[in-house]
Amino acid sequence: MAKIRVGIINVTGYAGVELARILSRHPEVELVSVTGRSAAGRRLSGVFPHLASINLTIEPEIGDVDLAFSAMPHKESAQQILPLLDRGIRVVDISADFRLKDATKYQSWYGFTHPAPQLLPQAVYGLPELYRAQIASAQLVANPGCYPTGAILALAPIVKAGLIEPDIIVDSKSGVSGAGRTLSLNTHFSEANEDVTAYALDGHRHLAEIIQELNLLYPAPLSAITFVPHLIPMTRGILTTAYAPLAQGKVSIDQKGKERLFRLYMDFYREEPFVRVVEFPPHTKHTWGNNLCFVHPTIDLRTGRLIVISSIDNLVKGAAGQAVQNMNLMLGLPETNGLEAPAIYP
Amino acid sequence: MAKIRVGIINVTGYAGVELARILSRHPEVELVSVTGRSAAGRRLSGVFPHLASINLTIEPEIGDVDLAFSAMPHKESAQQILPLLDRGIRVVDISADFRLKDATKYQSWYGFTHPAPQLLPQAVYGLPELYRAQIASAQLVANPGCYPTGAILALAPIVKAGLIEPDIIVDSKSGVSGAGRTLSLNTHFSEANEDVTAYALDGHRHLAEIIQELNLLYPAPLSAITFVPHLIPMTRGILTTAYAPLAQGKVSIDQKGKERLFRLYMDFYREEPFVRVVEFPPHTKHTWGNNLCFVHPTIDLRTGRLIVISSIDNLVKGAAGQAVQNMNLMLGLPETNGLEAPAIYP
Amino acid sequence: MAKIRVGIINVTGYAGVELARILSRHPEVELVSVTGRSAAGRRLSGVFPHLASINLTIEPEIGDVDLAFSAMPHKESAQQILPLLDRGIRVVDISADFRLKDATKYQSWYGFTHPAPQLLPQAVYGLPELYRAQIASAQLVANPGCYPTGAILALAPIVKAGLIEPDIIVDSKSGVSGAGRTLSLNTHFSEANEDVTAYALDGHRHLAEIIQELNLLYPAPLSAITFVPHLIPMTRGILTTAYAPLAQGKVSIDQKGKERLFRLYMDFYREEPFVRVVEFPPHTKHTWGNNLCFVHPTIDLRTGRLIVISSIDNLVKGAAGQAVQNMNLMLGLPETNGLEAPAIYP
Amino acid sequence: MAKIRVGIINVTGYAGVELARILSRHPEVELVSVTGRSAAGRRLSGVFPHLASINLTIEPEIGDVDLAFSAMPHKESAQQILPLLDRGIRVVDISADFRLKDATKYQSWYGFTHPAPQLLPQAVYGLPELYRAQIASAQLVANPGCYPTGAILALAPIVKAGLIEPDIIVDSKSGVSGAGRTLSLNTHFSEANEDVTAYALDGHRHLAEIIQELNLLYPAPLSAITFVPHLIPMTRGILTTAYAPLAQGKVSIDQKGKERLFRLYMDFYREEPFVRVVEFPPHTKHTWGNNLCFVHPTIDLRTGRLIVISSIDNLVKGAAGQAVQNMNLMLGLPETNGLEAPAIYP
């Protein structure tokens, strides 16, 4: 049977090249076209020796495909995607260009006027744990940001249950690959190695997504979310530590409350192939190279505060893996296709 | 003029060996005696080649000294220190054994009955930024833990000013040397490298110190402090990100409020030789090997929440450097003696 | 069709756990039994959360299997294997216990008397690139050491062609996982991070294998091999830089000679699924998590010296991946089964 | 007494900023002027927060100084230095521009015509262990490259004694800071982390220095030197492993020969304040941040081959520290002034 033909726009960034890796092992789709500006004309395996098994040349324009992934930077991504949508091609956009529902937010958070606000309502936020059905029938899926994936999966069950006060702190620790393949001083090895720092204290763009999505789950306005990302000296992984006061009187602040909380999370994610609710603080290492998200909810018994910790690989569940999960849903394929390989440890 | 004679009990842990490094360059004291159980009888420079310039043999018992540092683990430290105190020797204890004022806390946090509760009132908590005068005249100084140093310096000005609600979250990211030189799976290279995890979610022992000290500064009981430490893949450094709601109506939630906050911190630390209040999120790398603490206070304008970030070298300001700072105060020496060398970057 | 049943003796070391990862995705075998002393009775996924998809309990003794892998330390491995061989079970031994043909070498290199010298002649050295046919029919395959794999693959073509003088230097740089999961000071994070050192200068045990195997390829005695391993601060990977004088007058010391050398290597490895001869110095990162070996042969034109560089993942081609490759051959399966996934980059 | 006034041309690279760190603690010189193109006009402590104790603004041109360090890239360095020399200012040039005695080598190795070949005879190669007296009276000192420092110190004693065959291999492993502060893909964190690779196989420029200097020590032409540098995932440090056949019949290939070799090295470096001959393979970590070079000579008894391993901090003994050592000699100051601080471990 002929495989489904897929392509990657901008294969040369870390999300794009990770997509190529995952798709190369997918049983039912075939990667037939990859683009990249600076590297156009070169063999994919020439630029990325680890992809020696893929026989493709990097092209300036995407070829004939059934579904395309865009791994372009924001703003440019929309420009590349619009003509594809017109031609009826289904698209998973890894950029931020269709994640926010409110077109005015693009101006305030990303500094550009959205070129196709009319498409925002129909674009589906590609977090399968929340929007599985809508993703399946969407033409355009907006793949979530890496930080929002970790933060929303950590908080969705408790926010939806209305068991916390609307007063959330998300403290995330990311590997450096999240900053991409473009050179900068803060991702220069000698600067980032043996160092940790917080950044974007005035508001990281991913906060807009976190607010939008958690708000959709919560019965009341939920704007008091503080998000502080940190860069730590490793290549892959995001650990998110989220804090919120438990709603007064709704969860007991004791061992029983902890158990109830754990069951709440277990129930919420029971059918999820890629979320594991665990009874220990998770390690990012245990997701290295695969699409799992580990979630550990607990209660600080001294203060009655919820603590939830999640771990993901920022390039897999935080980008390329989730994009393939979305693609599987859009194509009616088993959701885990191409994503079953365990993490690589140590 | 004869130098003051000092010794180190248990030089073979990371705090002990770092003390030896710093003391070896001190202009007015001389390191004359070092102890260590397993390595007793060996040359210090044989065990630690980087200390080739120090001509000492590791002894089973501390020799004749004017002042001793104890870098023993808790419980054992008190046992070693008590006879020295009886002999009138001044002591800087790097262990936790005299940090807590309430003897019953040793049972609940450390699991042992304190052997000398009568000494707790006279032991001074060795954070010079808070207790400079008392340290100067103390016989026994309890050197703060590494996490409390970063957390308290981040929060003391605002807590003392009473400008936050008593609802604090301290999220700390520590290099692996904080876990010491004793072998364990979680500090095995292949486990800790390329990984991040939270630990001690049920309550890290250092929380007891943080609560005790911040409470002494705050006009009302301040128990709602959540502290979550994280292990990140670097050797040295602690970055602490602290969060708290600003007290309603006391600080304006705008650029002016940020400036007022900055001035508050500047004023609090104006005379401090080792605290730098900065207008950017600090890097741990900028404290590598020296005794500085960088502090960056700011406001999350979306939520009215205070964010303060501090960075230290956990083995210097978080242990050995602060111990030398305390010693300088106790001996009436210039506080920065032996501690002036800039951090090593990159 | 029923899958072939395989087991792992000592799954709790890094080679064992890596085997479990690879086998869990193998299309034609099923991992049905794993042993481990200290962890016996625990769920495999409890000890190793990244293996959540494997439903096995760690047992004290290997169960009923068609083929067993032993990842025991040397000496103990032979003890565990002998009864299995008696029962007709086929074995891939990842330890060193059957790699050396000369039983007396176990005394001199490993310090024990070999318990079954009569089996040494029939054990096959499990480097498929040299012994594919013999492996296919062997009952007992001795999986090569990690360093020998990189060194022999780097040198086999030129040694066999007799184009170098018998005067070889092998300088290897290994990630820390090669030292195993057992705790030691030199693999403690704070010691190994930001450090590099040479070790085993008096003769690393793997040298015995390197000498044995290269000698079998060379027309004359070939004992003048110097091997120096180095530990570098990364988890996985071995880069081997091998040097030897080109045999006088046999290869021209110019661009043409380089091209001839490249063709020689290309021809030697033309049919090999896991060896890639490349025209650039390879990175270990390009083999991260997979079974490839990159080889780059070149000539130092100033000195007429051969330089060959190889890169592998020490836990895959250097251990567990090669063991599966051997198993595939023994079972008559396609050699690449279960080993096709590209490396994970970055 | 007035301090000697010194300046740094191009303080913003890693060698320049390391110089500033070391000079800031020097007892007899004062850093009065620093230049840097892109950062001109900014406070030094604004660009480099760890240098908060230095009160200087980065200028476009060097001010009035008694001695200048140039940390400019090659070719540009000579251009900046020539006018200073004309004004009688003494100069330590950290670039390569005056290291090679043969002007034609600049064309072949560096690709430019040397602008002042008449100065090459009077420029002194700034390796104090070889040229202490000449450095003292030089106006222009050419500070050695980082790799040559490690390689020459490893080999000088045995080469000068004529006890090896002229057939040397130098295999070096360098931290990433050696590649400088200028951005490039191979020093991007996600590329360099968890990776090792060889580079410059066609001839690294530092080889020219190594050949020149070792040849001056050896009684016969010594061109058969192979040098292969490797990049490993750490910030600082170079470990050099050098190999050469011992001259036939001159050193016994046994324990006695090893001891004789050790004594030869001990004698050669007996008076050297910064070279330590040791009986164990050295770690780069033991030189972190200081000017020491550890050297370990031994014999591979199986092959009669000399192995010498040296470790340095590439930015200290390999650049800025050695530059200060040279300055001390030029100014008649104690050679160790400003360089006594022990390495920072762990």
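The first chain written gets the first letter, and so on, giving A, B, C and D; residue counts start at 1 in each chain.
The rule is simple: contacts are C-beta pairs under 8 Å (C-beta built on N, C-alpha and C of every residue); 3 or more make two chains touch, one makes a residue touch a chain.
Computed from a predicted structure; not experimentally measured.
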item: Any chain that touches subunit C and subunit B; value: A, D
item: A-D or A-C - the one linked by more C-beta pairs in contact; value: A-C
item: Farthest chain relative to subunit D (centres taken as mean CA coordinates); value: A
item: Whole-Å separation of chain centres (CA-atom averages), subunit A against subunit C; value: 36
item: Separation of subunit A from subunit D, taking each centre as the mean of its C-alpha atoms, in whole Å; value: 46
item: Set of subunit D residues in contact with two or more other chains; value: 14, 175, 177, 181, 190-191, 193-194, 233-236, 282-283, 285, 288, 346
item: Complex contact set, residues of subunit B against subunit C; value: 14, 175-177, 181, 183-185, 187-194, 233-235
item: Interfacial residue positions of subunit C with respect to subunit A in the complex; value: 14, 17, 21, 24-25, 48-54, 177, 181, 193-194, 235-236, 276, 278, 280, 282-283, 285-290, 292, 294, 340-346
item: Interface residues, subunit C side, partner subunit D - complex; value: 167, 169, 171, 173, 175, 190-191, 193-199, 201-203, 207, 223-226, 228, 230, 232-237, 239, 241, 243, 245, 281-285, 288, 298, 300-305, 307, 309, 311, 346
